[in-house]
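What follows are several structures.
Both complexes shown next keep chain A, but they swap its partner, so chain B is in the first and chain C is in the second.
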Partner chain A sequence: MNNQVMFFLLSAIILIFSVLTVTTRRVLRAAVYLLFVLVATAGIYFQLQYNFLAAVQLTVYAGGIVVLIIFSILLTSHISERAPRASAAKAALSALATVAGAILVLLTVLQFNFTPARLEKVEPTVTNVGRALVSYKEYGYALPFEAISILLLAAMIGAIVVAKKESNQEKQK
Partner chain B sequence: MMTEGIPLEYFLIVSTLMFFIGIFGFLTRKNLITMLMSIELILNSVNINFVAFNSYLYPHQMQGQFYSLIIIAVAAAEAAVAIAIIINIYRNFRSIETDKVDEMKY
Partner chain C sequence: MAFDIYDFTTLTSSIHQSLSESLPPLAVEMIEWTLVGLSMLIFVALFGLILVYLERKVCALFQQRLGPMRVGKWGLLQTIADFVKLLMKELITPNRADKFLYNLAPFIVIIVTFMAIAAIPFAKGLQALDFDIGVFYVSAISSLGVIGILLAGWASNNKYSLIGAMRSGAQIISYELSVGLTLITMIIFAGTMQISGIVDAQASGWFIFRGHIPAIIAFIIFLIAGTAETNRGPFDLAEAESELTAGFHTEYSGIKFAFFFLAEYVNLFIVSAMATVLFLGGWQPLHFGSFEGFNQVMDFIPPIFWFFGKVMFIIYMIMWFKWTFPRLRVDQILTLEWKYLLPVNLFNILLMTLIVLMGWHF
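For the complex of A and B:
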């Protein structure tokens, strides 16, 4: 019973603040609503007992990405600025496409008969996660781990190169 | 169990609705940063799906969790590069509205 109350609370937070994120006209508020959505998602991970994933969600998403987004909002727009409203025709068409898609997907998903597995659960503790992450045996994830390291390095260098100011010498050429 | 009384379908409903709210935002927004936020919503809803499937259908493995971890890392990389590009666009055009950045249209 308590689980269900908690789950409905978290889902309500997620859905309400998702809608507010995409409809509010103040950009900074949209970022804060996004933060609430991400924290509530971490709550859902905690409820499923994926503690490590929830911690990563809180630090990387809620701590990292949202701060990055807020910084870039402060750099690119005035706080008092309001985003222009989307035209009525565009909003109506988008809403129609979205609702149609959601109904289609929900009908398909709910028709499928999922049978929960009754297998013994691998506890997703930090020990198990860490062992699997660097293991190259069966159910090891060493290759994706290395791939993601290279991706992060490339993204870091790419972000610096794209955002850095041109030096005066280059401009004169 | 902390998920007792909550069927898998509930998680799927929440994540589906969140996904399509993100799509709605992506279609209606014109500011590049708010479009990026819609993409984050979409990625996040997919993460919920992976974790729920992992927990309900394949509890003897951790694949869903690792997919989610990798999606979070990709999302972070993507946000960093996207924001670098957005700041560069702002420097060149003094605006990040998609209808004002049309230099490459002929």
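For the complex of A and C:
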């Protein structure tokens, strides 16, 4: 009973603020509405007793990505700025695409025959998390872990190259 | 109603039983939520007032003054009088501010502190949330606090506020890394992220003694980075009053200002409580190997006094930093984090792993 009330509350927050995120014309407010959506998603994970994923959701999305978005908005835009209103044709096309997407997702979800999961509960101890991260067997994450490391390395090198000052010799040329 | 100051589980379970006898489970749950919420609220309000009083007294001590003395005996009622004054003040909103975000920012800051404080173990059985990932939860929640500060600075539509918010954002994002890495160091040693498990594991000796060299390095880094996380001096350039009037909360008045003020002191408490839990044994008494007599005398002191004693000690140290060191410049703050604390921290994690693997600890 309690769980259902909380689920409907969190779902309502997610739905309302998702719509507000894309309809508001103030860019920082969009970022804040997005923050509410992400935090409410973390709340649903907590409801599922999926604490580890919920904490990851909070750290990575709410605490990391939204903070970076807000930070870049702070650097680039002024408080009085408003995004221009979308043209009628654009709005109609987006509405059409949204409705089509929603129908597609609903059809898939409603047709799918859900069976209760039979996986054993794994305690998120330090050993288990560490083993899962570097294991290459079933349910191991070694490959995605390494692939993401390469991506991160490339991004970091790129950031340093972009931010690096030109040396005096190059300026003289 | 059974009450045992050494073990609060008897108190909470007896409350639960007496409620369950006459009420349906849903009502019991609702009443218990309300009770926990109310006690958190009262604790935060009272403890915030006490900390503000302490800060003024400690500051006075370091500057060879008396501090507040007029209101009540030794000025004890001074902060209560200040609080009543803040409640009665007008709430001013700047004309060109983004009203929604301007009013939202103080609530984000204060809600985040409440969510973090729920995971703090005050004594045996006196902990609202005990997740299996407790330490990770606290660090995840406290990473949200900076959003409130950034929004406050931007929504005020004031240059000083914006500069203060940017400085505070850069500082908190950098130092979060150090706090996280010291937490990882101690999690490697403890082998668990559950806060009650970490406290229980220290029954035979506090981690700062058992983990020796890497634990002491981690403790020092945690104190430095924790001070920076709470935006306190010498890292208070986000609200440097000589340059930025009051930084991100320049435009706030009355109770909205009080929210930022209260959140700063509650964050100070949370940082000290986490340092206590991870390094100084939480509410566990001080035990030395086989000195049975000494250990029994220490056991006689109730855990809740141990917890608050240790927390107060760390709070006093952080206040000591504030009134001793001069404020750092923004480039010095970033140099300290990225060139010194981060490499030391990464090396320290390797050292801790080596010590745990080889069993070179007590």
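The definition used in the following text is that the second predicted complex is superposed on the first by the 146 of 173 C-alpha atoms of A that agree within 3 Å, B and C clash if a C-alpha of one lies under 4 Å from a C-alpha of the other, contacts with A are read in each partner's own complex, and residues count from 1 in each chain.
Definition applied: a residue touches a chain if its C-beta (ideal position, glycine included) is under 8 Å from a C-beta of that chain, and two chains touch if they have at least 3 such contacts.
The shown structure was predicted, so the numbers you read here are calculated from the model rather than taken from an experiment.
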Simultaneous placement of chain C and chain B on chain A, clash or fit: fit
Touched partner set for A:Ser80, first chain B, second chain C, both or neither: second
Which of chain B and chain C A:Leu38 touches, first, second, both or neither: first
Contacts of A:Leu107 with chain B and chain C, given as first, second, both or neither: neither
Touched partner set for A:Ile150, first chain B, second chain C, both or neither: neither
Touched chain A residues, chain B compared with chain C: B
Which of chain B and chain C A:Gly64 touches, first, second, both or neither: both
Which of chain B and chain C A:Arg26 touches, first, second, both or neither: second
Overlay on chain A, chain C to chain B nearest C-alpha distance, Å: 14
Where chain A meets both chain C and chain B, residue numbers: 1, 52, 56, 64, 71, 73, 75, 124
Residues of chain A touching chain B in the complex: 1, 3-4, 7, 11, 14-15, 18-19, 21-23, 27, 30-31, 34, 37-38, 41, 44-45, 47-50, 52-53, 56-57, 60-61, 64-65, 68-69, 71-73, 75-77, 83-84, 86, 90-91, 94-95, 97-99, 101-102, 105-106, 109-110, 114, 116-117, 119-122, 124, 128-129, 132-133, 139, 141, 144, 148, 151-152, 154-156, 158-160, 162-163
Residues of chain C that touch chain A when the two form their complex: 26, 29, 96-98, 100-101, 104, 131-133, 136-137, 139-141, 143-144, 146-147, 150-151, 153-155, 157, 162, 165-166, 169, 173, 176, 187-188, 191-193
Touch list for chain A against partner chain C, complex: 1-2, 26, 28-29, 32, 35, 39, 51-52, 55-56, 58-59, 62-64, 66-67, 70-71, 73-75, 79-80, 123-127
Residues of chain B defined as touching chain A within the complex: 2-6, 8-14, 16-25, 27-31, 33-34, 36-38, 40-41, 44, 47-48, 51-52, 55-62, 65-66, 68-70, 72-81, 83-88, 90, 96
